[in-house]
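Input: one structure, supplied below.
For clarity, chains are labelled A, B, C, D, E and F in written order, and residue numbers in each chain start from 1.
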Amino acid sequence: MTALLLRDLKLSVRAGGGALIGILFFLTVVAVIPFGVGPDLNLLSRIGPAIIWIGALLAALLGLDRLFQADRDDGSLDLLLMQEHPLVLTVLIKCLAHWLANVLPLVIASPLLGLFMNMNEVSIGAVMLTLLVGSPALAFIGAVGAAVAVSLPRGGLLVSILVLPLTIPVLIFGVSASYAAVQEPAPFLPPFLILTAITMFFAVIGPLGAALALRNGGD
Amino acid sequence: MTALLLRDLKLSVRAGGGALIGILFFLTVVAVIPFGVGPDLNLLSRIGPAIIWIGALLAALLGLDRLFQADRDDGSLDLLLMQEHPLVLTVLIKCLAHWLANVLPLVIASPLLGLFMNMNEVSIGAVMLTLLVGSPALAFIGAVGAAVAVSLPRGGLLVSILVLPLTIPVLIFGVSASYAAVQEPAPFLPPFLILTAITMFFAVIGPLGAALALRNGGD
Amino acid sequence: MRLTAENLSAHRGEDLIFSNISFDLQGGEALVLTGRNGSGKSTLLRVLAGLLKPPSGSVHLSYKDGRQAPNLAEEAHYLGHRNAMKPELTVRENLAFWKSFFGDREGGAGFSIGDAAAMVELEQVLHLPFAYLSAGQQRRMAFAKLLVAYRPVWILDEPTAALDVKAEALLASLMRDHQSQGGMLLAATHQPLELLNVKPLEMKGFEFTAEEWE
Amino acid sequence: MRLTAENLSAHRGEDLIFSNISFDLQGGEALVLTGRNGSGKSTLLRVLAGLLKPPSGSVHLSYKDGRQAPNLAEEAHYLGHRNAMKPELTVRENLAFWKSFFGDREGGAGFSIGDAAAMVELEQVLHLPFAYLSAGQQRRMAFAKLLVAYRPVWILDEPTAALDVKAEALLASLMRDHQSQGGMLLAATHQPLELLNVKPLEMKGFEFTAEEWE
Amino acid sequence: MSHAFYVYSSYLVALAITAIAILWTWADGRARQRELAELEAAGVRRRSAAPRTSPVENPKEAASE
Amino acid sequence: MTESLAITKFSDLANPTRFLSLASRLLPWMGGATAIFFVVGLYLAFASEGDYQQGETVRIMYIHVPAAWLSMMCYSVMALSAIGTLVWRHPLADVSHKAAAPLGAAFTLIALITGSLWGKPMWGTWWVWDARLTSVFILFLMYLGIIALNRAMDDPSKAARVSAVLILIGFVNIPIIKFSVDWWNTLHQPASVIRMGGPTIDGEFLRPLLVMAIAYTLLFFTLHVMAIRSEIWRRRIATQRRVAARMASRES
């Protein structure tokens, strides 16, 4: 199982150029934003957490749809399915590898981006914390979509309908928890706890659903 | 050549679920921003055009990195490269297909999002018009990144990094033209004309660069 | 070691590809599937590997001492039309991954990566990314994957596709070695393969449309 | 029609795979490449198809009337290890796309899609998505792609991989038909192919490492 | 903060980055030289530096002599 | 010989072996000259008067402006090499733009950081998203992107050709940097040295600035030649390793 984790990490590092890439990607996304909304520092710091969360969503989605497809195309998926390491675990590991390689660097880089967006320390800390807790959920949700995409040759549409709406709650609670940390009246803990609950929920449901789809969809 | 256009359109509708992914992602982005900005409708309508443009930019990136990769993996790319329909034209057609399938739906959906963002009619019209004129440039720029990605085993984030910086001028002029349409003193036409010029410029440079990269990156 | 299949059948889409296939195989024997293109050889092998659920029939594997194996898939290597190797990784990395992911099953031990590569006569390309190998070299390395982890049953779908004549003989001798150590082979092939204790099975292809709707 | 290649060589990465390969081919003749796995057959075919730039050497094609063709790639069909068909589209859609994308070159006309499918004896699967075909059926349909648009030169990399014996004979006869109409064949193969006017070329493999950096 | 702070810190930063660039380039060169020496010691030699077997092994060099 | 003398001379020089021997003769001189110019430049920089408007901080100019110039010049050198790669397919051009990318990134980083350090006292903020600053930031990202691309591909000559295409496409950014202050009105200083109609800057500041600019340029070329040399060595090593491996496997 560690072998699988290492292989998947290696694959995403090898091809794209490594963790640096995730950070660079995020940097470019964030650098693009001020061009849109203008150099108003106040406004930037207000929409900062939302932008960082959207960047994370995008980074998590890019490449996620091919989580299993690459393995299917070269035939590895067959061999993964044949082993009796519980398939759920295999899926979980693959999600983890995707998250580690593509999303974690963003979480680590987020303070830097917060500075660019003129956010204050508390806000930066809150965004980083919510990202750390919430972003794995994006990977788990995506895994279901990726598994469905593999098993239905024409599942493309279904994937987007399945995945993106499910990510909205994660995004909403993540963003609102980050704001709650700064804006006084709103309490930080409730949305944060909900976010944690969502992640844990999807950590179970996601791999289960994905494993089910993979088992039933093979041919 | 129409055959190629039709095939690519068919593929993205059948397999990728292209249009819907874009629109849903777009929707997600637009749904999350109000949480950041808060219920201030005035502010929302002010940053509306920028948000829509940014959403469109990011949505256009989804799937772009695989513009040529799928063709390489099944060997079609070899045959496309062998034909002497000028390769630049082939690339242009593929960009067009990507734009039609993945970006045009966004343009069409943008008025709806404008309503969400509390924008007025003129502003909505302006955003739609600038998107229509400016977004093809995104596809052309992306084609260069996608062509570079072909020589990599997998493209992913790296492509976005290479591509995003180049899209910034498009974004700047697109957004400023949309604002100019509403804010009185600023004239609409100059930035709009520059936007058109940029699109035309990249319509030439993009496919040329992509064709060059494809010729040189193959093996 | 004994493998029995009873009354297997398989659907693809709505079509019944084959039905009522039964056979019985001892350790050291080889089941060789032949038949025209599209007659269902690959389908049968995928059913045996547990990748397709057969609408009817069953497969049982029992160990030498009579115990029932829980699952054929776990005791088997499957080499399909595709090589299951990552083009971006070097050959050595690929083999190392499969070696540690598969682990050995009782009754034997896998070879080291260097040995396995030497057995398919390709030690000198271990450091290259898999994508850089020629078609035949890729196939040979995919075969080396079977050697790095031990499995008593090998399910092989056209193992010698794309191989030159010498390599074909080489792989055939590796398969015979596996048999003579008590392993089982299930192989689909178009070229005659020189194996031991061959039980031929000719697939006839397309049986009937599924009957559920009649 | 006449094809001459002079002093061709090819790099892969930093390695020189072959050098100084020259040959001369007339209409109706076939160049058959043989050699061990990894000896450079596919590389040579890709160089001829214009997909790899050779560091030295040149290829010329002239028509029957002595005119020089601008480019071999345009006058040639290339069938590589991969089938160049989209798994999501039906076989008919795939063939229709290539037919209209290729168009015909002077000197002949392509067959209709139905005819081409009948020539490879697979009319009955035209409506299936390409992904649903068996390996051999896929290869045959990839071959049918050569029939729907006319090209005087066919560049074939192991055209008969994954085919059953009957299909192999069938495709060989289609290739002979192409030859007898004045077409040229350049094929790499491990199995003996019964063609007309064969010029054999045995590839020896790996020459040396590139010298630029010395 | 005083203006001097900005002046000196920018000079320091510039110095640091330049120093890193110089050291990196230099260390890379040294490492490569060492590797070349190791190869030489192991008996691997450049073919063009080895005793000539054929007169025109490296045409560029041969021509310029 | 059918080629002209100039071409023969050029391709002589461009032979890796020639280049190496020339480099080893030239490098000590280049290094020495760089050091001398830096000493003189730094002396002038601190000996000169402060600006009545900007006070002490004008001294930042002597490192900020040359670094900014170099960041653009380095990219231009890369673009020229990229043309060399694509048009003449010259291996030395491949090496040249690969070796220049990290140097360009370093100079751009210096310009960015010293600019920020200047911006805080002058504009009251470290960073604004104006056209000049952002286009330089994009330049920095492009350097990093090119480095990442080079690292992601293991066939060096293919990597060189592909990144050459990218370098040329990215060249549109250079005029944007140069003219951004004219096209958009921004906080940043308009051109006052390199402009049509001669410099408008006072000679007092111009002298140390020019000396520092020469010092930076010399530094760049010294490092570039060194980096090219290491890159050539690196490729030789790879080649020899491969040959050795083949030999070994042949014998066995």
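Please note the rule applied: contacts are C-beta pairs under 8 Å (C-beta built on N, C-alpha and C of every residue); 3 or more make two chains touch, one makes a residue touch a chain.
What you see is a predicted model, and the numbers here were worked out from it, not measured in a lab.
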Rotating chain A so that its CA atoms sit on those of chain B: what angle is that, to a multiple of 5 degrees? 175
Determine, using the mean of C-alpha atoms as each chain's centre, which chain is farthest from chain A. D
Work out the mean Cα position per chain and let me know which chain is farthest from chain F. C
Leading the contact tally is the pair A-B
Could you give the separation in Å between the centres of chain B and chain E, each centre being the mean of its C-alpha atoms? 43
Between chain E and chain C, distance of the C-alpha-averaged centres to the nearest whole Å: 51
Sites on chain D at which at least two other chains make contact: 12-13, 81, 87-88, 214
Where chain E touches two or more other chains at once, the residues are 46-47
Residues of chain B that contact two or more other chains, please. 14-15, 73, 152-154, 158, 161, 165, 168, 219
Which bits of chain D are touching chain B when the two form their complex? 12, 46, 49-52, 70-71, 73-74, 76, 78, 80-89, 93, 96-98, 100-102
Would you tell me which residues of chain A are touching chain B in their complex? 11-12, 14-17, 21-22, 24-25, 28-29, 31-33, 35-38, 43, 46-51, 53-54, 57-59, 61-63, 70, 73, 102, 153-161, 164-165, 167-168, 171-172, 175-176, 179
Quick check: in the complex, which residue numbers of chain E touch chain F? 3-4, 6-7, 9-11, 13-14, 17-18, 20-22, 24-26, 28-29, 32-33, 35-36, 39, 42, 44-47, 60-61, 64
What part of chain F is in contact with chain B in the complex they form? 86, 134, 138, 141-142, 144-145, 148-149, 152-153, 155, 158-159, 161-162, 164-166, 168-170, 172-173, 176
Hey, which residues of chain A end up touching chain C in the complex? 1-4, 6-7, 10-11, 14-15, 73-76, 78-79, 81-84, 218-219
